[in-house]
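Beneath this line is the structure, given in structure tokens, with notes to follow.
Chain IDs A, B, C and D follow the sequence of writing; residue 1 opens each chain.
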Amino acid sequence: MNDAPASLLLDPVEALAARIADGAKVALFKDCGVPMALGRALVRRRARDLHLVTVPTGGMLPDLLIGAGCVATVETAGVTLGEFGLAPRFIAAVKTGEVQIRDATCPAIYAGLQAAEKGIPFMPLRGLLGSDVLASRADFKVIDNPFGEDDPIVCLPAIRPDCAIFHAPCADRDGNVYIARQAEMKILAHAARESFVTVERIVDFNLLEDDRLAPATLNALYVSAIAEAPGGAAPLNLPGHYDYDTDAIRAYAKAAATPEGFRVWLAAHVLVQTGAAA
Amino acid sequence: MNDAPASLLLDPVEALAARIADGAKVALFKDCGVPMALGRALVRRRARDLHLVTVPTGGMLPDLLIGAGCVATVETAGVTLGEFGLAPRFIAAVKTGEVQIRDATCPAIYAGLQAAEKGIPFMPLRGLLGSDVLASRADFKVIDNPFGEDDPIVCLPAIRPDCAIFHAPCADRDGNVYIARQAEMKILAHAARESFVTVERIVDFNLLEDDRLAPATLNALYVSAIAEAPGGAAPLNLPGHYDYDTDAIRAYAKAAATPEGFRVWLAAHVLVQTGAAA
Amino acid sequence: MGSYTSEELLIATIADMLEPARHIAVGVLSPIPGSAALLARARSGNTKKVSIIGSMEEPYRTDGGVDLFDCAAQGRIDAFFLSGGQIDGQANINLTGIGDYPRQDVRWSGAFGSAYLYFLVPRVILFREEHSRRVFVPQVDFISAPGTSAPNVYRPGGPHALVTGLCVFLFERARGRFRLASVHPGHSVEEVRDETGFDFDCPDHVPTTRTPDDATLSLVRERVAPAIASPYPAFARRVWPQAVA
Amino acid sequence: MGSYTSEELLIATIADMLEPARHIAVGVLSPIPGSAALLARARSGNTKKVSIIGSMEEPYRTDGGVDLFDCAAQGRIDAFFLSGGQIDGQANINLTGIGDYPRQDVRWSGAFGSAYLYFLVPRVILFREEHSRRVFVPQVDFISAPGTSAPNVYRPGGPHALVTGLCVFLFERARGRFRLASVHPGHSVEEVRDETGFDFDCPDHVPTTRTPDDATLSLVRERVAPAIASPYPAFARRVWPQAVA
């Protein structure tokens, strides 16, 4: 396809954020690359009532979106800043009930997305029985394995996000996106109705025509729009491109510990936006 | 791992065939590369009572194994020689009942393997309802979608082969196998208890350490043994390496049309084996 | 209008049916449907996507069967093609064999993806060039995939039309029956009746199948022929010996 | 015998438990279990496989979470580690929070992969360095993952041991209880009783945890320290300032 619709490549990242509607179910991939620049653009456009699905867990991005008031529901196997501690705005919002929490496990999130990917209404999964995670999820159902005897098994409903957002090393002008070793981005993109992707750069050849790159390339069929956003995962990392900016993450963790600190941080790092850090 | 067990790399292909027991459930990947050399070695070792699972369909290899008397059961979405016509030994054996046929559909075979890959007892799948394929399979079950109302859906039991066999472009000395764009080989290898792989060549570097090759590499964790077998998919193709030998396939199709013709072909092309064509 | 071959007529006829489809998938051993998909794509200014199962060529290759089947279930494939060793008046198709299952008198390859894509792809076009009572039977011996389903069966997809060497039938899902829509030039409704083993609806006046215009024939010969030659070299050489010399 | 740090004692103690495992998986934020897995691997002549979730280094990196969870369900992972904000005497673990769910008084991250791997990996080692009544409670507030299951629940996996900064408990699945197996040098059974909120079995004589021998310490400092420094640089610098300078 040397003929992708011209609208596929959007610039700047604000244009992508504009396509993510208030109330949308938005899936965020945990592993590199986390679309931090797009997340900041969502805050600036004052997105509201998002239903976040972290795939399968999340960190700074969902914490930031929750703190900025963009989120109504978070469906997750866990939100944490990892070695920088717990996720302060997530925790505060769950404790007050400001966001509705839908606790899951990592494989349960993946299984729900894989059910959507396969167009099946549910996926069975081992584990969960006897846990309060299961008890807290009225939408998880226990059935008797039809191929066993007295063998209860949990069935998880398909998770079909309105959109998946992620950051990748590069895309081509036909809309194909190189996802490197993050094969699960394909599951995410297949499961979601639309995918909005930021990339470090646009390349001038068709990724699928390179036999070495093609296996790690997401077909344009699944991609609604792409924005070029160099450094789009910062201050988180993009392997092979840049490492974590640990000072910046630590500064966030410290600031976000209080609502006031978070507000100041937000004003300095997101709302007043310079081009370079977009 | 610079320390894979020395036994992982076996030579010659006969040694691989020796590890596939009579009666084993053996999964054959349809797409490149079909392990023709290993199949011929199975015939030479007089394998018996194999339960073939074609993934999802098959051609010359299952036809050859059936004709040579190696097969008790074939589970398939279809066996055909494609543009060279129907699969004569498969058809003859189904008609006489010499092999038990378990008809499926392509996505049903994949879904059964994916259930095994995920360690779940079954996978739901759309379609099949009202077909005689479903009617012929007592092991397929129809349940009511627990997330719907009056919504029947077919559940397919996991297919866990004793082994998967396939041919690939290359492997490294640690046992990692480059599978190029054949991502489904991973499903197959994950689903099977063991994988036996023939390759065009062994490379002297670790495939997983090359970021461009790693996404298309099957981890040694899933590989039981590897044999170097240049031309191991011939007379079928291996993209980027060699094309179909259409004359050879046409000669097979013609010879295999009769039991006597097949016997002559087998004696000339399989049983009397020269090194080069192994 | 220039002269055209029977293949070109079929390609143009099927391509017209693909007009609304954004993503068309083509199975194995389908040179005429594949050519029709490529023609529809060329007419669209290449904005349609065409996936050809087993193709090794960009932009037509797929990520493999699992991806393609998933893609259909996600609602991302709008049109597909099926055929049958037998096809009956309820649009049931038989790709498996004739006689008592499993030791049938005639055995074919198997059901492939039929009893799946037939349920999930909105516009499935049945194509079988041979139009005879051997193929078009009152009732198939083995339902590899049913043409219709009970109302409670999840089935966004199903048969849209049956294109043969003689005519075009449209399938009316509500009635579960074929209706003769057009007869190809040089053939008659009587011939269709004689060669069809199943009952079908037939209006008083049956039009002649529209023949391909010059613009279509140019596209077919200049754009489609070289492209379809990659997956189907023998077909392309036979139908367009000049174009793909 | 040379001197050792408390981390080295824990690493050696856990490594001993990994002896039978061929494939050990390590989750995030697990420097001590990760070091133990690397020690077990080094002792095995590197024949064991160690997968470290999130690692970017061969041979420890995985194909991602889906692959790892599938791998566990296939029976290809023999040992894994879990921890908990609360752990009780039935080996239930709480990674979610304290107080009435969902608006808990204390909220942690979430269950991660616990209520899955705990069911499927044969030998799960619970590790929590802080040994206090705050952590080891009579009953967890929220069961992120249960320690035991009814007999009809598919559960090839489960808890093998609980290793803390004070002692080692072994879990007896048939009884659904912990048994004190050893107390670390410099600590006592009384101290363990004082700091443990749940009831556990305690033999008359409780041995002292075996201390690492010189060969083990050499392996830890020469082979494990540089390797664990890749996923856990701060940990490695703190514990082995010389080795990973």
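Everything below uses one rule, namely that a contact is a pair of C-beta atoms (placed from the backbone, for glycine too) under 8 Å apart; a residue touches a chain by one contact, two chains touch by 3 or more.
It should be emphasised that the depicted structure is a prediction, and the values quoted were computed from it without experimental measurement.
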item	value
Subunit A and subunit D: spacing of chain centres that average the CA atoms, whole Å	29
Where subunit A and subunit B are represented by their mean Cα positions, the distance between them in whole Å	37
Separation of mean Cα positions, subunit C and subunit A [Å, integer]	40
Junction residues of subunit A, two or more chains touched	118-120, 125-126, 151, 153, 181, 183
Residue numbers of subunit D (touch at least two other chains)	63, 67, 73, 120
Touch-based graph of the chains, sorted into line, ring, star, complete or other	other
Complete list of chain pairs which touch one another	A-B, A-C, A-D, B-C, B-D
Subunit B contact footprint on subunit A (complex, rising order)	111, 118-126, 141, 143, 145-148, 151, 153, 155, 157, 180-181, 183, 211-216, 240
Complex contacts: residues of subunit A adjacent to subunit D	31, 56-57, 76-80, 82-83, 86-87, 91, 94-97, 100-101, 103-108, 110, 114, 125-134, 136, 150-153, 181-184, 187, 239
For the subunit D and subunit A complex, residues of the former touching the latter	28-29, 54, 56, 63-67, 69, 73, 95-96, 101-105, 107-120, 142-146, 149-150, 152-154, 234
Residues of subunit C defined as touching subunit A within the complex	23, 45-47, 49, 58-59, 61, 63, 67, 70-76, 120
Residues of subunit B defined as touching subunit D within the complex	1-3, 5, 116-120, 174, 190, 206, 208-209, 219, 221-222
